[in-house]
Each structure stands twice: as C-alpha cells, then as structure tokens.
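In the two complexes that follow, chain A is the common piece, with chain B as its partner first and chain C second.
For the complex of A and B:
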C-alpha cells in the first residue's frame, strides 16, 4: 500500500528518475521521511482525503471540560496551587522509534520544553524536577526547582535512547525525592512512557502501593499503546492515563497537566504558608547572587528576611528557605479556582435558526462567519451567561488560555466604568 | 429491569440490555413457544448466559400451571460455577420483585471429587479413586457389616444422610458447588448424594455434558427427567465431538493385560464365594433368568455405571443362558481377550465394520452378537454380587466389556480400526484397537427425543446449517447474532505474505520452507515490539510448534522475541501448562509483557480466556486442519459423505475454521475489551475458507485487510492500538444504540420488534 501511494505522490517526477537505479533518490527520501500518505485516508467511495481530526479533537476537549466542570459542580473544590511535579521521560530503546517525526525522543523533548514553560506560566508557585530512564536505570536530570531554563537546558543536553525501561526504578527514585517535600505541596509525577514493557528488579505492585501511601499522584502519557500496568498505576494513585495518537494529540495531552488537578480529599488541609514578596533590588548596583554565586549587576531581587540576592522569581531563598514570589504570580494562580463555565453546544437544527439569526452569524470572539460549507450552520457553542455565540476555536482559546469570556466582559465593563465615573 | 416480550414478563437483573441480548431472548421465546429445538450463535462477551437464564426462568414464571425444568449443560466445572453465580444474582432480583412466588431450587451437580466433604476420601488423587474410596464406605454390603467391626470404615456424612432419608431436603435457593459443600457440612449430610437426590426435584440443574450425552452416566443421573424440560448446551461448538467420544472406545495392550489381571481376581473371588456363600451366586443366577430389567432391586447407591449403549437399545429380555453362570461368563471374557490380543498382533492397519468384526469373532472365538451385547450388564451384575468396591482397579475389564457391548449393539455408524503403531512414530510398536463412532447423532438422539426443547448455543457455530445435519435434528429457530459495538473493538486481519512478499502458509509442502518459517518469525518479532502486555500464538499442532520454535531458536529469532517479552509454551502436561499460564498472567500484570505459544485444539485453546491485557493480539499460524491421514478421521469422513452427503472438503474446512475461530475468539470476552486477530496463512484469503468464520468476526474483516503483508499489518496494528487506547462513550451514540434502557424497550415494543434493533 505504502509503495503505491509513494509513487502517487511523486508521480510527476518519475520520468526523470527512471535511470536512477541505485537506492532511493533524494526527492523520494523527502517523501519517505515526511510520510505524507499517512495523513490520507480512503472514504467509502474509494477517494482519498485528508484525515479530518478537528471534530475528534473538539470532542476530546469537550469531554475534558465536562470532566473538570463535573468535578467542580460538586462542592467548593480545592486545588493544589503549590505543586511539586516530577517529569519522568523514558529514553529507553523504544524512544528511538521513528513513528513520530523525527523520533519519539525529539518530539518528547520538544513538547516537554513547551510544557515546562506553560506549567510555570500557570503555576508560578510550583516546582518541577526531571528524571530520565535509560538502560533500565532512572537518573535525576534536575532536582526540584522553579526555573524553566535550568530544566530545559538539562533536558536538551541528554538526548539519546538506550536499553530497557524500568517503571519501578523511576517510581522509586521519584518517591525518594518527593517524600521530603513539605506537606502543603502536592506531589505529582508525570511519566512520558514510550516503551511497551518494563523490566523491573522487584515487585512493582509494592512500589505502586508505596506511592499511593505517600499520596503521589502519578499520571502517564503513553506514546504507542495502552499498557495495563500504567493504567493500574494511574487508577491506584488517582492520576490520568492517556495515549497519544499523534504529535498534536501528545501536545494536548501534555498541556492537560498544566492546570492544577483537584486536590486529593483527605490530603487537602488548608494551611498557612509563610511567603516573602521581595522587591527588585537597586538597578546598577553590583552584588553576588545567592543562586548562581556569580557577580551580577542589577536585575535581581532581595529576600525581605535575610536580604540575600536572587535572580529569578518565584524561588526559595537559598539562605533562609523562605518562599519568594511576586504578587502577579499569586494572582495568576487564581483563575484555576474560578473557572468559566463550559459553553453549551448549539444543536444544528433548523428550528433554532431563528434564535440564532437574531444574534448574528458571526463568532463573537473572532468575528468569523459561523456558516459552514454549503450554507449549513456550522458547529458552534454559546455562553450560558451572555448568550453570545462562539466558534469552536474561540471556545478552546477562551477556556484554555484567556480564562474570561469576552461576551460577559463586554456586558460588565460599561457598568463598572459608569460606576467609577459616578 | 422488567419488560415484556410478547406475553412473557421478563425479569432482567441489570438496568441496561444489549440489543442482541433482547433479540436472542425473542428468538428463544419463539422456540420455547413452539416446543422445538433451536440453534443460536451469539459472540462471547455479549451476556449470552444471563439472557438465556433470565428468559427461561421468566418463561417458567409466566407458565406456572405447567412449569418447565431447565437443564443447563456446561463443558467445565469453572463454567458451571460462573453460570450458577449469575443465576444467583438473577434469582435474588426475581425474588425481590416478585416475592416468594419466584423461589426456585437450582443446583449444580458434579462428580464426587468436586462435591465430597469427607477429608479421607478426598485424599485420593484422581476422580476414579475418589469414586472408589466413596464406594468402599457407602456400598450396601459394607454398611450391612456389624458396626463394631474395626476393619469397616463408614462415611459419617452418608450415614447421617441415610438416617434422615425423608427429611434430607434442600430448601429452595441457588446452590453452587461450594454452597452445596457448605450446606452438607453444616447438616452433616453427604452433598453428593443429596444433590443427586435433589436432581429430581430441582427446577434448574447445571451439570456437565456427560451427564446427558454419555449413556453410561445419563442412565443413572438423568433418566427420570420430565418431558417439559429445556436442555441448554452452552459453548456447544464441539458438541459433535463430545457425542462421538461418548461412544468411542479404544483398547491397547495395557488394557488387555489389566483386564486379564482383573479376570484372575474375579475368578478368585468366585471361588471364595463358592466356598463360603454359594447362595449368593445362585440368587444372582435366578435373577438373571428373569432379565436385567430387575436391576432396580439393588439399593440406589450401588448402581454405579449403566450400560454404554443407549437406553432404548437395552432389551427387556433375559440374559443369554451361556453367560448366566459366573464361571461361564469369565470363560467368555477370557476368549474375548484372547481374540482381541490376537487381533492386536497384526502388522498392518486394518479397518472393519462392526458386522464383519462380530462375525469373525463368532467364527473364531465362538462368541455370538447377543452375548456381546450383554457383556457390560453381566459384568456389572457380577461385580455387585461379588461385592467389589474398588472399581477404579477394574477399569480395564470394564473398558473391554464396554467395547463388546457397543460392537454388539450397533451395526452402523461405527468402525473398528486396528493400528499397529502411531502414524507419526512408525518404528515404535504401539498397537491400538479403536472402536470409533462416526455418527454424532446417535448419542444425542435420545436427548432430542425426550425433551421438549433443546437449545444449542455458542459463540462460534458457523456455518450454522451444518450442525442440524451432523446431529440430524430439525431446529425451529436457527440464528446467528451480530455484536453491536460502540467502537470497532476487534481487528481481524488476514496476513498472506511476509515482508519479502513471499506467501506464508502451513500447507504441507510449504510448512518446512525456511522462508515461511522466517517470515512467521519476523512477523512475531515485529508484533511483540508494538503490542503491549500479552500476545497469544496458536500453532496447528504440537509437532509443528516444536519444529518451528526449534528453528527460531537456532536463527536467533526467539532471542529477539525475548528481548521484548517473556515466552511461555503450552505442553501436553497439564500441570506444566497451568504453571506456564499462571506465570504468563503475572508477566502481563507487572508490565513485563509475555507471549504464549499454544496449540489449536489443545486445552488452552478450548478453555482458557485471554481477555483484556492478557491477550491484546492473537496470531493463528496456519489453518488448523485435522491430521488428515488419521484412519479414524478418514473413516468418519467416508461415513459423513455416505450418510449425510457432507463433502470431505467441506467438513474439514468447517472443522478447521471453527477451531481457528475458537482460538481467536479467546481474545475478546466483553464489549469493553479490545484485541487484534491475525490469521497468518494465505489460504484464509480464499472465499471458501473465510466465509466459514463466524459473522461477528467477518463483519469486522474489511476488504482492505484481506491480503496483507507483514509491514502493512504492523502499520494497521499500530494505528488500531492507539485508537483503542482513547477513552470512549460506553452507551454508544444516538445513531446506533448499544445499550437499551427500559424506555427504549417500551418504545421498541410499540414500533415492532424487527426494525428497531438494527
């Protein structure tokens, strides 16, 4: 099948290459690497068409949203805003496979990088550590820390795939690290698993129970197929298990882990945490920073308790151990506690058309037309509060990035403005 | 949920029902209404058992004026327990909604080994010795001995049961084997004899096929069942083989030697009795004069084995004069053994019909057909008279008499085959004389005749029109149901070529081709690296499996497989295989992943489920044809062609394909499950083979998957596994409902049955 399609794609240039008998030509290699034929599927009548994944993605997204809101609909939900997350990346033999382009390893690294940035963006008070599995052994790449750059640098430096994979070793290592974390922090593990088996030195079931006992929330993202042990691990520890279909899906699945998960009930005790809000130190003055032990000019913060100099926020003061944040960080963490309600899907029935026409045929967010191909009304959603219509892209954007509804905001604003004027 | 099917109110213990379950009930109800037999094929994992049980019990409740009885036959004890557990659930539900009116008595019946609670008896290792140990304690003459005799050991449970004879009853309810044992222990009654007694009174009986099909057992256990009985054979795809086995006997040299020893022992016993208690032998003689019909005067517990021929064949005539005396009978048996021994000395394969066998027996050993016919009953009577209790030691002579009676009774549908050595090992002499039955309808005929409805059901009964011919009956309903699915959770593929485009097959001339062996190996190596957890492989025979694994070992393919997954192999040893299976499951559980090499038609293929992660992929290497040079098979094929006009080729393909379907069907046991099936042989792509697969597999076999090479199969498998790992909606979308609620059913009842289901 693949051979035929390949020829189809490169058909027009075949004449030139006919005498080129040795190996595959340069032009051909491009197609082989690209695998463009995999993005095609045959429909009922035998015609080729690109695989239409947008509907699937949207359905997945809605399910996610519903799950979140169903959880939120219960009682006042508590979320762990201070998270201690270990990302475990499986760099075993299977990570060298080429079904993700250019290789699973590279794709994983790329998206983990994006994830780390997004994670700190959404959870400024949290910390990440990196662990890799290689040759059946788990290695700590970086310890828990709040600086995205250090993690990314450590991650990108070590890209090679070797040997077997061992889930148990990784869990044991992470467990050791996370056990020392203070009790108000939420312990999480996110495992990117590309292998299909795990070679363990002992009984992994015991390790899973140990993790469950110390309240580690383990989530796994598989890269090839569903594995029983991963599913079991996630079920036991309350994490999410998902398997990526392709690269885009992998990215989505990863980013799903960026917002904080609901706290484990018995673990969610309200706590007071001592925090410092350091001020930006005097520009132009020279000082040795406590984090890198280097002399730097300006651009730093001063711990309010011990007056040590740090470069980045948020962090923990290396001298006195105070958690140092800035107020925008706290504010940014809030939207997780007050999410916007999911939008209702508008059924594409003609009876509802009148109502719809009244409100206009354009998406309130991006002003694109909501009429789909063939003058049929395309899929769209509506906000429960302001009753404005939105297209699917805006729906995702509003819920996942913007965190407020433009419709509702535009109703409220005149009021607040007028109030202020009074 | 409670809903109506025509005039019957059906009590179903779950809130939702699958559409095919509903349809199944509708068809079953029609068969019950028509008081006829039916054949129903429904894929495994669709809740066949509960649909069946809930309809039949509800049907019974709706017609309480003439209540029907249900006999549910299963193949294994494990299945029996599962059925009873479901029945319990259903019964609780019915009692909750209908009150005391719905109470029934349902019991499971099994051998002494599974039911006995006497620890001393249970210490025996196999079934026959448990039976013998029980008889030693419960036979009437043993119990008649004075109680203070220190050599006599009685079973307390049986004594208590006999003492409370009238009061020893089971209150209504559903009893699994475990419940029976617990009940027996609590009241001090023997659960086995209690269960056997309650069989006559119970509303539902769950037991093994043999209790109905094997005439030796059926004569005792099932003889007094009422006509208004529904008999269900579950997992009945092999029912013809069970029928045939029930009437086939094979005699080897060891059997003859054992029989000779038994005869010597009997001889001694006779002499001893002559000296001490000659009256007994005389009493037996007079009894025999009056005919065997008087067997009933012996007490119930002493009847242990009935005649192997079928009930209607036992003539109500007197035993021939020349075997009435014990000594004469022993002489006859000696001559018979001698004759059989002489026949076993042959150097050629011989095949004979019963008629010519009997006539040559008559001319050479002077034993008439009529004498032969009575051998079994005469032996039985003699052993009772001689008060022999350790019946397990007397198995060889029983086998020989069994043989004699069958040869004497049936002139058609059987043949006698004598082989001096095993075909596969011609230099090791191992003579065997086989009386093989070719006609499956012989054993099952009395069941069809005696009972109102017989339901034959399984996950694989395709092609469904062949079964009525093989078993010679007329079903009023025969249907095959499809599985309604929320997603395409099975992915059958036909792999015809290796990655080098050379065809693969286990055809005789190709199977040892190194290219084929290598391609099969490569297929497995590739597959184990992309399939998670468990992979099961089926080969066509033990010898082929041994050969191919040895080659893979030499060429390093096995090593490559072991890098990904652990390898386990089924052997002919049951204990070894059980251990291998246990470790296989553990390897799948802990994430190491494992491959299980097994054989079609083996124990594993028939009875072990590889559901969920225990089997994500099953590879069927080759088409599992029977060993076509086997004399027995050839004789059967000839018989089938002459009698039922079934062509040899048709029958062989049918048999091979039902085995293949059975093997791959192990992988999926419920709708939430998913799995891939690879048929690795180019012959599967041919229409005559493929079309014999069950409908629920065929409907998922897309045209594009009919002629795959290894690399294409790999690609499909990758995509499939990724797709299946995604979360899904269990209830199905609006277009194709796969779970029906009460409202759906009511709506359906209004619009008519047919058009709403599909």
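For the complex of A and C:
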C-alpha cells in the first residue's frame, strides 16, 4: 500500500481518513470513498433495491425537453448560428481549491476541453477565444479562431492559480476583442468563475452597461456560490447564470451552452457572407500549404479565389481572407433550424387499445420489446406525426443525437418537398 | 478523413447492418434481376456469418414507401425453419422480404405517384433505424461486436432527404460507426460518397454486376480491425461543393445568409428562405437622424 499523498500547489489534504488509510484493502475503499450504501433505496414493500437510474434519467430528460419546447412555443425561433464566443476562465487562487477533485482548475480545464470539441461539432462556422484571469489581470490565451487543437493546447499549457480575480478587467478585454467582430456574428462570453469576490480598478457597473450596449451576451457558471454581481451581469446582458454543485453538474451546465442560444433579432444584422467551397486537391499533387509553410503532397484543399492550398476546413484563407467551408459543415447546423417535435409519453394504463397492440410490441427504431415485466405494456413514447412507438432510450438518442424520427423518415412523401419548406 | 479507430472490445467480431434497396422503380430498369441480386447477397451474408462464430447480421429493407426490419441473426425466432433445400437460416428472411415488398407495393399504389419525380428510396428512414439498433447494441454492455452499416443502394438520391441523411451521417460519425456503400445504379450517388467519406467507410461502384458476390466478399466483408491490413478502394474525388438554393447548380464560391445558412450564387437584397433583409439594422435609426437635423439650426 503506497503511503504517498499527492500535494498540489502546496495545499494539504484535509481528509483525516487518509491517515487511517494505511493497511485497508482495495475492497474496503468502496465503503470509504464511494459510499455504496447511498445507491440503494427501499421499494413499496420495504425491500432494498438498487436505484433505478434509467427512470430518473429519463424523467430529467423529459423535463428538460418540456422546458425547451415551452420556450420555443411551437414557432420556429431564430438561433444565432454564427457565434463568436470568448471563454473567460478564472485562474485566481480560488481555482486551487480542492472541493472538485483534484482541483477546480484541473476539472475546469478538462471540461472546457470537452466543451470546445462539442462546440465546434455543433457550430462549425463559429469561433472561440480564450481569456484567463490571473493576479487581477486578464490575459488573452488565444485569439478568436476555428481550430479546436490550438485552443486546447494553449489551455493545457500552463495550469496555475495565482492572486485575485477581476471581473471588470476580463470584461474590458473581451469587449475590446469582440468589437472587432463582423456585425452578423453573435457575440457571446462564457465566464467560469471560482472566486467569491472581484477586485476591480473602476466601476464595474459602467463596464456592464458598455457590454450591454455592444450587444455582448454574457453567461456565468459559478463554481463556489451565487454572487450578486454575476447575476446582475447576466440579467443585464441576457445570458444564463448557474452555479455548479458538483463535477457532473458542471459538465452539464457547460454543455448547455454548446447548442446555439435563441437569437435576439436586434443583436445581429442579417448579412450575406461570401464563402468558398474548395475542391479537394488531386492525389499526388504537390504544393506549399499556406498554413504550415511546408511542401505537402496530396490531401488538401484549394481556395477557389486565389488558388492557395489549405490543409483543413473550415478555415479562412491566409492569402485572400475568404472563409472556406464544405457543405457538410453547413449541414451540421441544419438540425438547429429544423428541430423535431418531442414525442408524447404513452400512459401505461390506456395503452391496451388496438393501435398499441398492432404497432406497439416492439420499438420501431431498435426492435426492443416494449412489453415490460409480467406481460404488461412497459413505458414508451409515441411520435405525433407517424404514430409509431419508441422505447425511452431511442427517444433520448433521437432527440439528442440523431435529430431524425425514423418513423417520419420511413413514410413516402408524395410531393418533392424543397429543403426549406417545412 | 482518418480511418475509424476501432473500439477495443472483441477484436474482429462484427455486427453488419445491411440496408437493402427494394425500390421497384429502380429494379425495373436494371440488367440484373432482383432474384439474381438476392442470391449474391445471401451468399455474402453466409460468408460474413461464417467468418466468425459471434458475427451478427441485421437486414433492413429500404422500400419506396416504407422501411422495415427483415432479418436479425441474433433473434431466436429466425432459427426455426422447415429446411426444404433452402437452408433454414434464410427461409424467414425470404418470407419477410416478400411480405414487405407486397406491402410496400400496396402503399405505393395508395399515394399517387407522379412520374416526373425522381424515384428514390427512403434511405434516410433505414439509416435512422439502423442507427437506433446500433445504439441499442452499445447500451447492452462492454462485450458487443463492432457495428458497421452497409448500404446496397441503386436508386438515385432524393434531394428532399438531404437534411435527414446528413443528420444520420453526423450521428454515425459521432458513434464511430462506418457507413460502407455499394452503389449498383447507373449514375453517381453523392449522398453515399459523402457518407462513406465522413464516417470512414468504403464506397465502391462495381463495374460488372454479374460478379457482385466477388466485390462484396473482397471489399465489404472485412471487419473493422482487419481493415488496417487490407488495401481497400480509396475515396476518389468526393465533391463537397454546395449547390445554390436558387438555381440548384454547383458553385464553388457563394453567399451565405447569416441567419438561416441558405446558399445563394449571387447577391440578393432579401433572403428567400427566412425573409431577413440584408445589411439593415433592426434598431431604428430614425432617432439619430432627427438629432442631427435638430443640431444644425442651433449651430
């Protein structure tokens, strides 16, 4: 049994359990660390059963879906698809706290990395920039760019927590950067705040008003406790304020910001953006690529305006500045514009009618049996349009990842529907 | 696109989900009959299941008006059969396929088919069903075969399915499920080429349909782990250019509406899709103009 305890930044573990930990076996760790007795609950006859996570998970998911569809209210809400987002991470001394294992800093960095990847997956035409607050001063880690690797490398480069945190300095810096962004883009700021105070050189209320006038939408995720100034900032600028209670909750809150928020129409001016759709370079062709300045053979793309070679899409051509994308990148955002309606829950008691008996034996998507224990119909959902039945897991998968209802797609549509006619 | 990294569960055990095109409008125009085609496919399925004891095969039929599951090798009911010459393995498959084709024909008669519409099959429907099934396999625990999808398609692409097919492709990419495609029609299918390219699968258009079995077993029967050692057909000239919404012609430079991402080939004043007027701020500029007017008499 190893007696070494990890010390981060000179902080000492306050758990006294660790001192008694010498000599306990691996099997006992489950009781010391994981508290496995909490995963049990009593059912109606007083017998112990493990917690039925799937029902709870599905209930949570349906609540979330109901909130979202209530907000959309059946009309097609415009979403801000071209986003310029700055992530501000607080690296003050409060980030070295260890209430999130191993430290708030490490947890934030890990989840921000996952968030960046998810963000570019859902918003391929958008750009991210990173800002850190250290010693009361805000530093730009990376400028606005569309490549996830650059940002992740810069973020993981130096992880250290020092000094005070200053919200005003961060907002001033971000405001300066985002003022240079084209007018059709949506300007957003996401602040990960661990400190409980802010040391500002001037009047932060003025800065907040300045941000509001420049149409910056600021959201804050707090890691310690709710603060009035963060709440005020979010209310003024129309963002979301939430405080994470544990690591899983922090990840959920972060990923909530990945899909495009409903756009406030006055915030971004609609504009026609000139973009190029490059062809793939022929196999075996040699050229000097404009991003790395080295000779590359084969795989790459040619800018249609200046014929420069670029390695990856989407990007901005370094020579002529034309935004280069491919049609799948645009197609990634189409599901935000054509969302599918949520499925309706089928109440268990009324489901013995003919329709259910005919169609409802198996889930239409995955063919899993919908009959629960004891030959009674189990919980399932149904689509309003095609009337097919689906199991709960397919429901979650269809609405969160697939964005197509298999039943509606399996019906022949007699008229050729144009892309935007829905 | 880099090839798919295989999940390290069972090394070369695979789950093959076969999407079979049964569109009668396509099959009436081919050189090979549907029954000849089926004999190639059944022999191929036998070969796949013979490669490894744990391999699984699921067949979904892509019809003209509907899609349905035809065969699942892991379900117990498909293993019973009378076996009069035809192996008991596939008698249920053929029965179900016949039922499906009859039902599909009835459904097609109900909706009046316009002759000038492109006779496309419901690829998006069967892709979505296949992905739901694969998602169920992933949920079943750590020990499961590596899934992949094989599209045997001959019908042309239906442009109304573009968004749904792209959604399925991106979902497959996220799940790391490659979509292989074997196109047996006459023209090229841009959907299938893009699907295979984005998800890391193999796309091939056989030159001679008489030898279909050979193409299937040499290219599409290899499991994901072995693909690292086998020389498979490389993707040739996948066209990622977009087509403009106004004329439907392929363009390599165009204008995109920042609100709804519609593509136009020339400058417009107004977006035809979402109705946004370009270059005009929604905020009223009248107040600032009147201020300026008020200033001049004072000075």
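The rule is simple: the second predicted complex is superposed on the first by the 274 of 422 C-alpha atoms of A that agree within 3 Å, B and C clash if a C-alpha of one lies under 4 Å from a C-alpha of the other, contacts with A are read in each partner's own complex, and residues count from 1 in each chain.
By definition in this document, a contact is a pair of C-beta atoms (placed from the backbone, for glycine too) under 8 Å apart; a residue touches a chain by one contact, two chains touch by 3 or more.
Because the structure is predicted, anything quoted here is derived from the model rather than measured.
Engineer: Is A:327 touching the first partner chain B, the second partner chain C, both, or neither of them?
Structural biologist: In the superposition, A:327 contacts chain C only.
Engineer: Contact-wise, after the overlay, does A:295 reach chain B, chain C, both or neither (first, second, both, neither)?
Structural biologist: neither
Engineer: Check whether chain B or chain C contacts more residues of chain A in the superposed model.
Structural biologist: Chain A has more residues touched by C than by the other partner.
Engineer: A:410 in the overlay: touching chain B, chain C, both, or neither? Say first, second, both or neither.
Structural biologist: Only chain C is touched by A:410; chain B is not.
Engineer: Check whether A:47 is in contact with chain B, with chain C, with both or with neither, and answer first, second, both or neither.
Structural biologist: Neither chain B nor chain C is touched by A:47.
Engineer: Examine A:198 and indicate which partner it touches, taking first as chain B and second as chain C; both and neither are also allowed.
Structural biologist: Once the two structures are laid over each other on A, A:198 reaches chain B alone.
Engineer: In the overlay, answer first, second, both or neither for which of chain B and chain C A:286 touches.
Structural biologist: neither
Engineer: So chain A touches chain B in one structure and chain C in the other; where do those two contact lists coincide?
Structural biologist: No residue sits in both footprints.
Engineer: Looking at the complex, which residues from chain A come into contact with chain C?
Structural biologist: Per the touch definition, chain A meets chain C at residues 78, 81-82, 121, 125, 183-185, 263, 265-266, 268-280, 283, 304-305, 322, 326-328, 330-335, 337-338, 363-368, 393-394, 397-398, 401-406, 409-414, 416-420.
Engineer: Quick one: which bits of chain B touch chain A in the complex? Just the residue numbers, please.
Structural biologist: Answer in residue numbers: 529-533, 564-565, 588-593, 612-613, 616, 704, 711-712, 715, 718, 721-727.
Engineer: Taking the complex as given, what residues does chain C use to touch chain A?
Structural biologist: Going through chain C, the ones touching chain A are 64-69, 72, 107-108, 111-114, 117-118, 122, 124-126, 128-129, 131-133, 135-136, 139, 158-164, 166-171, 174-175, 194, 198, 234, 237-242, 245, 251-264, 267-268, 271, 273-274, 276-283.
Engineer: Show which residues of chain A lie in contact with chain B when the two form their complex.
Structural biologist: Against chain B, the touching part of chain A is residues 1-2, 42, 60, 63, 94, 99, 167, 196-200, 203-205, 222, 224-230, 242-245.
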